[in-house]
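Common to both upcoming complexes is chain A, partnered first by chain B, then by chain C.
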Partner chain A sequence: MKRKQLHAYVFTFPSLFLTLVLGIYPIFWALRYMFFAYPGYGTPQFVGLDNFFRVARDAQFWQSVQNTFVYAAGKLVLTIPLSLILAVILNRALRGRHLLRAVYFLPTIFSASVMSIVFYIVFNSYNGILNQYLMKLGLASSPIDWLGAGNAMLTVIIIAVWGAVGNYMLLFLAGLQSIPDDVYEAASLDGVNPLQRLWHITIPMLGPVLQMVIMLAITVSLKGYESIMVLTEGGPFGKTEVMYLYLYKLFFPLTSEGSSVQNIGYGSAVGFTTALIVGLVTMIYFWISRKLNETY
Partner chain B sequence: MAKKQWLKTGTVALLALALTACSSGGNNGNAGGQNESGSGGTNAAAEGKTKIAYWTMDRHDMDFMQDKVDAFNAENEDNIEVEMTVLADNYNQAVEVAYASNQAPDILRIFDFVTYVKKGYLAELDGFMDDEFRGKFESVLAENVNMIDGKLYSLPNTGQYWRLIYNKDLFEQAGLSGPPQTLDEMVEYAKKITEAGKAEGAYGFASNFKNNSGFTRPAYAVGTLSSDTSHEGYNIQSGQYDTGMYKDVVQAMRQMKEDGSMLPGAETLDIDPLRAQFAQGKIGMYVNHSSEPAVYANQFPTEVDWAAAVVPTASGEPAGVTWVNAGAYLGINAHSDKQEAAYKFMEYLYGEELRVDYQEAGYGISVLPYVNEAAGAPEIAGIEGFLPTAYDGLYPATPLSITETKLEGLKMSDAFTRYIMTGGEDLDALIADLDTRYNKALEAARAEGLTNIEANPDFSAAALQSSLASAQ
Partner chain C sequence: MVAISRGLTRTVLWIFLLATAGLMLFPIVVAILGSFKTNLEVTTGATLLPEVWQFGNYAHAWKQANFARFTWNSIYVSVFTTVGTLLITAMAAYAVDRVNFRGKRIYIVLQSFTLFISIGAVVLRPQFDLMVQLGLQKTLWGVIIILISAHAQIFFMMIGFFKGIPRELDEAALIDGCNFYSIFWRIILPLLRPALAVTALFTFRGAWNEYILPLVFSMTNPDLQTLPVGLANLRYGFGAASENQYMLAGACISILPLLVVYVFANRSFMQVNVGAVKG
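Let's look at the complex of A and B:
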């Protein structure tokens, strides 16, 4: 028993060490500046809770929080059902299913930044490929401003869904394969149709996997900003600014802003607040979804 | 079984590919890291060379500069080998990360002079240079531009001269004979160009509104030429913000948007896609700087007949000078242990022959008297419109960057861009709100000692007229 425990400690040590050094330490490094004014040079000046008062009245930050919820909700509402349906279809003895699984999974391994550049070419309104097709097919009379103020959020959600569906499909597939075949066989003997099968057998039996996948999807969506940074830089005028992009810019001003003055003190306070928001949402989700975790 | 084998091989190949991609990134880091090692790494030691890394964000002159770097590597007698790296849009983030991880290059193009010095990134240059060399630059040295507290950290080189760039073919097609002198004319011309060219997808005006510079490029140029006191929304005389200096140009851009004279999608346009559209004859006018001739000669070759002119103002009469972006070109890494070698390379880049070649090839227009005296007219198409006029000048530094870290609410560039794109706000109220917030932020920055820029009652932009070139 002792030997087994030793093995467990030895094997968990590398990841524990890396988490501590690369995950926990930087968080504390940044968090200590929450109570300081610090532009990245000079002596940090203690300002007490001023940074948090500023977070409370920072309309731009709260707008970015609101945008984040719209973005995350849009992404989840589309991604989860789509990836579940794909998983169910590709879990059947379908010819070419391995190839299809690989194709759907491909977006997951592409760099979000590179794909955002490709999507910029597809969606931009002045010579984007999408508009050219829509106009050729007579579906649009003039170019649609996909990345303009009115549509930008929808466009970044579509791109996020494209990037995420394959990943969650794979997780669902793993879950589906743990459902014993005899349950389905018994159901088919009882004359259950495919929709009933999905609703009354597959989804309930996927409960714990579903709970975990949705939890992952929520946290990833709330924290996502990379593709938005490349595609719109949070624009037009803040319409797609999500909270982690807002935070990123405080620590690393974008080259296009023409300044390299960091805002580490205020950024740390914003970072703490965003972490609190993500943590709170996750906890609420766990409480609401506790029934899903009941195994059948 | 064979299928499984194939899958396994595929997976391993994929992993290998991913690892290669990661390690190539690592190599880039090592290039910088090696410079920190002091001995110059094993390769360098074996060859007895001092290897230094040089980072730049300039793309328009990269071939020319690479040739000059190669020539330096081949000819210098100090056994110095320079590796030049051109970083594009994320230059600033790359530099920040490189310094944070102790992998910064030995010599680098400066992006934000004051902040780089305050962060301790740059080495003082005074100790390296002799009086004769320094004497060549005396007339273009200024506090917060290339000096801090009287110590020199960088030297100027070329200046960005800002102009209205226009497509002469589209102007002709719309029955227009020359560039607009006033903002009203610019609005009217944009409308006429759109009416004449819309069927072929050509529009009157564009700017790269994907980020702040969509506003700042036209606004800073028009704003400075229209004002005797202010730049970057800051009144240099009074030491307070006065963003009302942009009211006229913002209204003009809003009008062009309302008229439908602006290229569709300008909201998300970056500068290179804008240039690509201009090169295809889809844009009548935009405002940018003197890199454009090289851009249209190398990066986006074009058949379009284009020219550059002094930007318009509300009255058509200049009150100040169009700002010239110059002052700090290169800096030497304060943490490098090869500063001597880096300085020798820097001195080489300031050699008269090299700078004259650079200017004559049209890659940039110098602000250095010794270059301008020796260089002949640049040979590149379109450069004529960018040559210094009596209405170009170097402004003193403003406290904008540091003010914006203390600013609560929208930045002026975002607030004005939103107004240009959507309207529906009271522009005077917007300006009053900006002034209040910016002045409050400036007060906080001053109270914390983050800036030493104060009111300068003697400043006059009109007095800068004819400082870089005499009136014709």
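Let's look at the complex of A and C:
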């Protein structure tokens, strides 16, 4: 028995070691530096809570927090209903449903950054592919400034929805398959129409799945910044700057933008604050959505 | 009357389904067809098919734009990350599922902790500094090791797979003279082959698509750029605005291998996606 324990330690050691050194240690590293003034060179100076006072006053940061909420809300409001509707339709015995599922899921397998380059060429304001088609079909008389200050956030949200719908559709499909058929049979005997069925049977029965999927969607959208970084770098004029992108720039300033300066101490404090915001939003969501988790 | 309205509903339903499918495929089709066009066609054409298929775009991207290097780096990182992650998580999952060792609870809590806490780019700095101390920042191994270290999700998937293999099998093998190690290598891993293949696909895709980590490592060392990094950097390259066709060819070099695998194994992609969330 002792021997078996030893074997178990040998087998978990590589995983444990890597997790401690590269997963846990960096968190404590940040927990320490958030109390220091440290631009990345020289000797770190202990400054107590100064970095946090600065976070509280940092208008640019709070703007990015606001942008994050707009981005996440926009993505959620479009993604969740669309993927739920697709899942409900494709859950039925429909010809070609397997092919359609595969098509809707396809965007999720590609790199967000690589697809953002493609979207950069598609949404380009002056000679972008989308504008060419819109003008050719007579849907727009002049090029639409998709990546300009007015539309950039919408464009970024559309791209995020494109990449996410297939994923959530699939999670909903898995949830739908756990709803027993006889519930629907009983409902159809009672003469329930498809919309009533969706609202009064499917969605309540899907409650716990819905709660989990929406929570996943919230955290993923709050944390996402890769695609925005490639597409707009947070611009123009910070209109698409989300909080995790702002954080990234404090550690690794982007080449084309002179405004951000590396600042490790302050960056750690911002990192702690963003993680706190995500945690807080998740908790509030759980409290609000607790009704969804009631089992029927 | 009922028949007509039912027919109408069907038509509307199909228009919705096909329009959505069209929107999903549009950027991918545009990227693939655009990669064979001239720059003028990409920027002003508004036609679907290229007038003359410019296969030379790929040769240019491959040689002049250095995509041969990026592709090799991507393959290197993805293969070793996949092998390493699978090995480490399978071993850990075997121990956790089969043995009641002291500290097991803490280990599991630790894994879930890394899954849920995210302080974003902050961790990249200490991770990078550690690799500098080990002298690994100048090779792709720095990237590979960090990617392997983020294995909590795969670990929980593995636990699910191991639970599916009855313990009676271990006991029978033990009586037949197998030990802890040979049960793992000779009995359990072969049984898990289909599950491992699907997990490998998932891990490989993650590493292949990773952008931020190789970006950070290649900032001072451009030789370490992988496909997503090299491609994104083309935006700042020589007259990027006039090189759309090469950017699309580069994007296709990254997406086509995944697309080909997806055509044959899309069920595996979808299966693992649902499994990954269930944990």
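As a convention for this text, the second predicted complex is superposed on the first by the 268 of 296 C-alpha atoms of A that agree within 3 Å, B and C clash if a C-alpha of one lies under 4 Å from a C-alpha of the other, contacts with A are read in each partner's own complex, and residues count from 1 in each chain.
Operating definition for what follows: contacts are C-beta pairs under 8 Å (C-beta built on N, C-alpha and C of every residue); 3 or more make two chains touch, one makes a residue touch a chain.
On a predicted model such as this, the values are computed, not experimentally measured, just so you know.
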Touching partner for A:237 - first (chain B), second (chain C), both, neither: first
Contacts of A:145 with chain B and chain C, given as first, second, both or neither: first
Which of chain B and chain C A:253 touches, first, second, both or neither: first
Partner chain(s) touched by A:45 [first = chain B, second = chain C, both, neither]: first
Contacts of A:127 with chain B and chain C, given as first, second, both or neither: both
First, second, both or neither for A:189, with chain B first and chain C second: neither
More chain A residues in contact - chain B or chain C: C
Touched partner set for A:58, first chain B, second chain C, both or neither: first
Partner chain(s) touched by A:104 [first = chain B, second = chain C, both, neither]: second
Chain B versus chain C as contact partner of A:93, first or second or both or neither: neither
Intersection of chain A interface sets (partners chain B, chain C): 109, 120, 127, 252, 255-256
Chain A - residues contacting chain C, complex: 3-5, 7-9, 11-12, 14-16, 18-27, 29-30, 82, 86, 89, 100-122, 127, 129, 132-133, 135-136, 162, 165-167, 170-171, 174, 212, 216, 223, 225-226, 230, 244, 247-248, 250-252, 255-256, 264, 267-268, 271-272, 274-275, 278
Partner chain A, residues of chain B touching it in the complex: 14, 18, 57, 89-93, 95-97, 111-112, 115-116, 118-120, 201, 209-213, 216, 263-265, 267-269, 273, 277, 282, 400-402, 404-405, 408-410, 414, 417-418, 421-422, 448-450
Residue numbers on chain A that touch chain B, as the complex places them: 37, 39-42, 45, 54, 57-60, 109, 120, 124-128, 142-143, 145, 147-149, 152, 232-233, 235-238, 252-263, 266
Of all residues in chain C, those that touch chain A in their complex: 13, 17, 20-21, 23-25, 27-28, 30-31, 34, 42-46, 87-89, 91-92, 94-96, 98-99, 101-102, 104, 107, 110-111, 113-114, 117-127, 130, 145-146, 148-152, 155, 180-181, 184, 205, 208-212, 215-216, 219, 227-229, 231-232, 234-236, 244, 247-248, 250-251, 254-255, 258-259, 262, 266, 269-270, 273-274, 277
